[in-house]
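Both of the next two complexes hold chain A, though its partner changes from chain B to chain C.
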Partner chain A sequence: MTLAIIGTGITKFGELWDKNWEDLVLESSNEAIKNANIETKDINSCYIGNMNLSRFEGQDHIAPRITEILGINKVIRTEAACASSSVALKLAANEIEASLDENKIILVIGFEKMTDRLTGPTTSILASASHFDTEVINGATFPGLYALLAARYLYETEATEEDLHAVGIKNHKNAMLNEKAMFRKELSLQDFKGNIASPLKLLDCSPISDGSASLVVTTEKYAKELGADYVKLEDIEVGTTSISLAKRKELLVLDSAKRAVDSVYKKLNLGPKDIDLIEVHDCFTINEILCLEAAGFAKIGEGYKIIRSLMPYEDINKKDAPVPYLVNGKELFVNTSGGLKAKGHPVGATGVSQIIEVVNQLLGRCGKRNVNPKIGATLNIGGTGGTATFSVLKGGI
Partner chain B sequence: MTLAIIGTGITKFGELWDKNWEDLVLESSNEAIKNANIETKDINSCYIGNMNLSRFEGQDHIAPRITEILGINKVIRTEAACASSSVALKLAANEIEASLDENKIILVIGFEKMTDRLTGPTTSILASASHFDTEVINGATFPGLYALLAARYLYETEATEEDLHAVGIKNHKNAMLNEKAMFRKELSLQDFKGNIASPLKLLDCSPISDGSASLVVTTEKYAKELGADYVKLEDIEVGTTSISLAKRKELLVLDSAKRAVDSVYKKLNLGPKDIDLIEVHDCFTINEILCLEAAGFAKIGEGYKIIRSLMPYEDINKKDAPVPYLVNGKELFVNTSGGLKAKGHPVGATGVSQIIEVVNQLLGRCGKRNVNPKIGATLNIGGTGGTATFSVLKGGI
Partner chain C sequence: MTVAPKFFRLNNFENVEKKGEIYSKTKISVASNLFQYNRKVPYITALIKTSDKLVFGLVDGEIEIGDKVKTRVGKIGISKLGLHFYGAVWEPEKEFSKPTMQESKIKRKLPKEKVGIMGYGVYVPGYRLDLATLNKVWGKEVKGTKSFPGNFDDQASYACNSGLSALKYAEVKGEEIKIIEVGSESKVYAVKPTASIVAGLLKTEDCFAADLEFACKAGTQAIVNTFNFVKTNGGYGLGIGADSAQGAPGDELELTAGDGGGAFVIGDKNPIAVIEGFSSYTTDTIDFWRNDGEKFPKHAGRFSGDPAFYKHTINAAKSLMEKLNLKPKDFDYVIFHQPNGKFPRVVGKKLGFTPEQVEPGIVFDWIGNTYSANSLLGLAKVLDIASPYQRILIVSYGSGSGSDAISLITTPEIEEKRKKIERSVKSWIGEEDKDNLIFGDYGLYLKNKGII
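The block that comes next holds the complex of A and B.
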């Protein structure tokens, strides 16, 4: 049974003080439903990914709140920190395949409202996605944990801080072409100053954001019957590993991601050379490099060489279109949306938002930033890599 | 593809001050794995239901913590308040059916550690499963919300407070025969005094508890190959409705449950008359009545008449075995485990613990409380009914 994505909807990402989380969920969901050319009553069930409405807003048990605002009578929530909504998509895919019902339509939503914070600073709430008893309790936060990874990467390889910053420059450039992005401002190397957690500068970090993203999923067969524009969800898989960095076998290997990636490549009988575009989890610039390695575009410890294909970094902003990396002589577009770094990172929304960028690229709906890919992928990470979801999508025509 | 449960494990429920949540998860999971006569490495993936480790203990992103302690490299968490782990079982069933892999083995875990409470009183943390902006913010807690339902039920029907208490007396009686139960003490009508929230007395309420429960699920075909004792999971379905009581069409109808129940009955072509035993969600005594109505054993507003089949209530404690209700002349055993009321209610664990009681009853493993059912069911409720999961199980032999 081949699955198809027939609708996408996404709010602007940013500090959205004038909207509450229900406004955001409604906005992205209604856009996806309209975009799919269906009605809410055609939807059989809904999966929602959200990290922590409980501590941001006091609300657990989100599923029946979604029922209340959307009228869908079967809603299931999943949580996997920043990978929550890609996991929700995996669960939706399972439901369709398990049902053997080719006419099933499922809405998948991811959202986070991070500027409201009932139970303390946002950084503390987010830190709960690392190991509480050993990392949080000793004062670790995500900038600190990723700084450990970045410091070790710079120590073990010949990568430099400028290679990290280049990721940010590229992703900000791409966000200039994405009207839903939070930061639409070009950066230069000189802008990266002021350590947040050495070696990470403020601009190596993705922002705290509000936002919601929604997808409509069904089967390819039904997508054709409906006459919908669609993209094929070829495969999606989830992997998990030890939550705490101290217990990883290799500190710099996202082995949850590698496991999910290897499973998908094997099932589809393809590899990194077949992929034209990927949205990866650049919560901190170092993680774009680690993701590229985990997805097989470079050997472990050599991902920074991919970044260097953009050199001289001063030239990244010269073109009014996304700049590709060169991987073994082939162009690879990464984070054309602007990535978490510049599009914004409302954690529960990120997984679905990555899928949306790939869908819209495959359907040629991205305007100036369209890069005409044939095969796209997403790699969504939870925490410091405790959870990872990898997906591959192809145009449906 | 028929699914089979081949292993069960459950901790004692109670105020378990000497154990942390990881101890509990390990204990129930190792027991289930041993009971299934498999090894952890045979398990392909794991679904975990937990309501709020985030606010009880500061830990989100539970899935990779489970990977860290159990070594399973694909773990997915779901949350649906007190229905979290039955939803986890539904997701596991979907994964097996979607995979078309008859040798797939999945571990399903539900747990809650409610006596630790990092972010405030347990009642406040639990209240987050009702509508935050209209119910919680105005001071509602679950005893209060269920008291509203109980008060209305007593007003609209001829039921009395004694009918509510009889549910508690029966379930405490059953817990006397369950060594894993929290409260093993007989009650009499005279014990029900002191309003918690009128008309509910303290003993009409289930307790705050710690506990964990685990299941091993695979296909019937593989269960037979393994030579395992097993029970067939005939069907399981989830329904949701408006989270807030004020937005329900009918205050006293658990319509999320009715929807799940109707779907399962229709698919299996059976009805309440075929069920010998059911574990229902008696978080408050009134809810055993509402659940019996939603599951079709009585018309709406007439469930209290089922309770009255136990009259005179003074006799409930006379027999050293569970006492059945009489429903249209047929015996129906309800909450032979002691129910949430007396077995305890570690919210994330409850859904799986209900399934375990039915599995063990069908396999004749319940000693003095065994009632030799042929078909068993569970009805697990989240919040005041925002989420509901209904399952039907049959002996495998």
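The block that comes next holds the complex of A and C.
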């Protein structure tokens, strides 16, 4: 059964101090429902991805609160750190595939309201997505854990801190063209200063953000019946591996992502060369490189060479359109939305927001940043790679 | 092991006594606030490659990928419930100066007593306050240095680290320790023993454990009690003195109060020095005290001299010498409590000891008065250099007031066992290996002491 995404909705990402989390969920879901040209009563079930409303706002048992807000009577909440909402989409896909009802419509929501807490508590809440007893207790923070990956990567390869910064410059450039993005400001190499966790500078890190993103999923058959503009969700797969960095087989390999990626490529009988556009999990600039390696665009330890296709880095901001990498002579657009780095990273919303960018690119709805891809993909990472979700999407019409 | 509900059960000694190599490292500048870490940002965390696996840990000291590191016990943080928790802290592996024996022609006769010191260990943090700093702040014209805590140090970490070293020296396993006594007047908890933290570290459960307090003499009490316990119950004992000595800002005590710990394994298996006797002297004298709930002790100034320190030290020393029928010349070394640089030297003279007997046991000049640990550190410093068959007198003093005098005679074991010591007491206190010391300003001192 082929799945189709028939509606998307996304709030602006940023420090939304004038909005509650319910406002964000309502805004994105109503927009997705409207965009799908359906009504709330048409929705059979809802999956909602959220990482930590319980510690950000003191609220657990989120699903019935969604019922209270939206009036949908079957809501299931998923949690997989920053991959919470892509895992929600995976469960929605499972439900549709397992169902005998080809007219099933599911709403998938992701959200996080992070800015109501100060930086210290927020850092500790996010750190709970790492190994509590060994990493958190010993002072781990997420920038700290990714900094350990970055430090080792720079030690083992020829990559430099500038290669990391170039990822940020490119993604900020892309975000200039995305009105929903949190940061719409061009960067230069000179802006990268002030260690958050060495070698990562403040601007190597994605921001603490509020936001929500929603999608409407159904079968391709029903999408056609409805006469909707849709995108085919060719496949979506989840992989997990040990949560602690210390217990990874190889520190610099996103093993969970590789499992998900390999499974999808095999099932669809395609490979990285077929992909025109990918939204990857650049929570820290180093991770765009690790994601590109895990998704097969470069060998392990050589992802930085893809970044170097943007050289000279001073020229990244010159064009008024997204700048592609060159991978084996072919253009590859990565994070045209601005990525987590510049679009923002409300952790529970990120997975769905990545899918939305690819859907809108495939449907040609991205205005100036449209790059006319045929096949798009997303790679969403939870924590430091404990969970990963990989999806491939194709235009439906 | 630590037994408690999860959020109390935070001590983790799994990686203690491990070595490794830095695999990756970062200096974190924005910390999570999950625990009220006693350290302040930035702090360094790392992935460390040990012989069998990668582990995650905090690092004390500047390091690069590939550097060799080892662990010690450190205070990792304080939970929101106010619980202090301890675990392995990694530090660069370094070479330190080792103790060297001072040969002596005089050979004392070993007593019949078989129980004595089987091993000892010390821990003194590497941070020093140049007392001239206090001149700038308070106008005190003083010279010298004293120790103060680093980011991962406190009274319990001193007890743990000195205890572990003592066990290693004595070649004793944790579970063989049947009594642990920790003398201190700066316990990390008002109620909750430090001795049981040490027991958890050593993984000994069939064990008597207690904290002791008698101002600066609780360390020798721990040795005397442990000695008596072992004589009647068998097994081995661990007597510790550990303090992060308190002195209120601006008070005279601030000029002297230092940090450190000393530990002694007591038993009858190949002792390096046997205890031939001890004597105590106690009166109800009020020269120095701290009320429950108060942060800093108060004292009676000059009254601490004649009626307090001198009277009790002299009486305990004389009483022991009388008991054992000994004269000052019968001792090779003598260690007195060192509340300052003057008192131990003057009381030595008053009792008829020569500077040659007194000076080797002086630690005050480098680290100040480490309260319960003070005379124990002096004893460890003497044991570092003593040759076999030498007699050592140690006389502590604790305000309130009392003195314990203990006489020991070294055995031939001391020569062989000394070879395993990785770092001399002279290095720990900074009389040697001065390059390892970190001199801090008054602000860092106040922060690390927990005063601000």
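As a working rule, the second predicted complex is superposed on the first by the 393 of 397 C-alpha atoms of A that agree within 3 Å, B and C clash if a C-alpha of one lies under 4 Å from a C-alpha of the other, contacts with A are read in each partner's own complex, and residues count from 1 in each chain.
Quick note on the criterion: contacts are C-beta pairs under 8 Å (C-beta built on N, C-alpha and C of every residue); 3 or more make two chains touch, one makes a residue touch a chain.
All of these numbers come straight from a predicted model, not from anything done at the bench.
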Which partner does A:Ser244 reach: the first (chain B), the second (chain C), both, or neither? both
For A:Asn195, using the defined touch cut-off, is the partner it touches chain B, chain C, both, or neither? Pick first, second, both or neither. second
Please indicate which partner A:Glu95 is in contact with in the superposed arrangement: first for chain B, second for chain C, both, or neither. first
Who contacts more of chain A, chain B or chain C? B
Does the superposition put A:Glu39 against chain B (first), chain C (second), both, or neither? neither
By the touch definition at the top of the document, which applies to A:Glu179: first (chain B), second (chain C), both, or neither? neither
Once the structures are superposed on A, label A:Asn138 by its partner contacts, choosing first (chain B), second (chain C), both or neither. second
Contacts of A:Asp18 with chain B and chain C, given as first, second, both or neither: neither
According to the stated criteria, A:Pro121 is in contact with first (chain B), second (chain C), both, or neither; which is it? second
Both partners, chain B and chain C, contact chain A at residues 119, 131, 133, 136, 244, 247
Contact set on chain C toward chain A in their complex: 10, 12, 23-35, 37, 39, 42-43, 45-47, 53-58, 65, 76-77, 85, 87
Parts of chain A lying in touch with chain C, wherever the complex brings them together: 119-121, 123-124, 126-127, 131, 133-141, 143-144, 147-152, 155, 194-200, 244-248, 251
Under the stated contact criterion, what part of chain B meets chain A in this complex? 51-52, 54-55, 57-68, 72-81, 87, 90-91, 93-99, 119, 128-133, 136, 238-244, 247, 256, 259, 382-383, 386-387
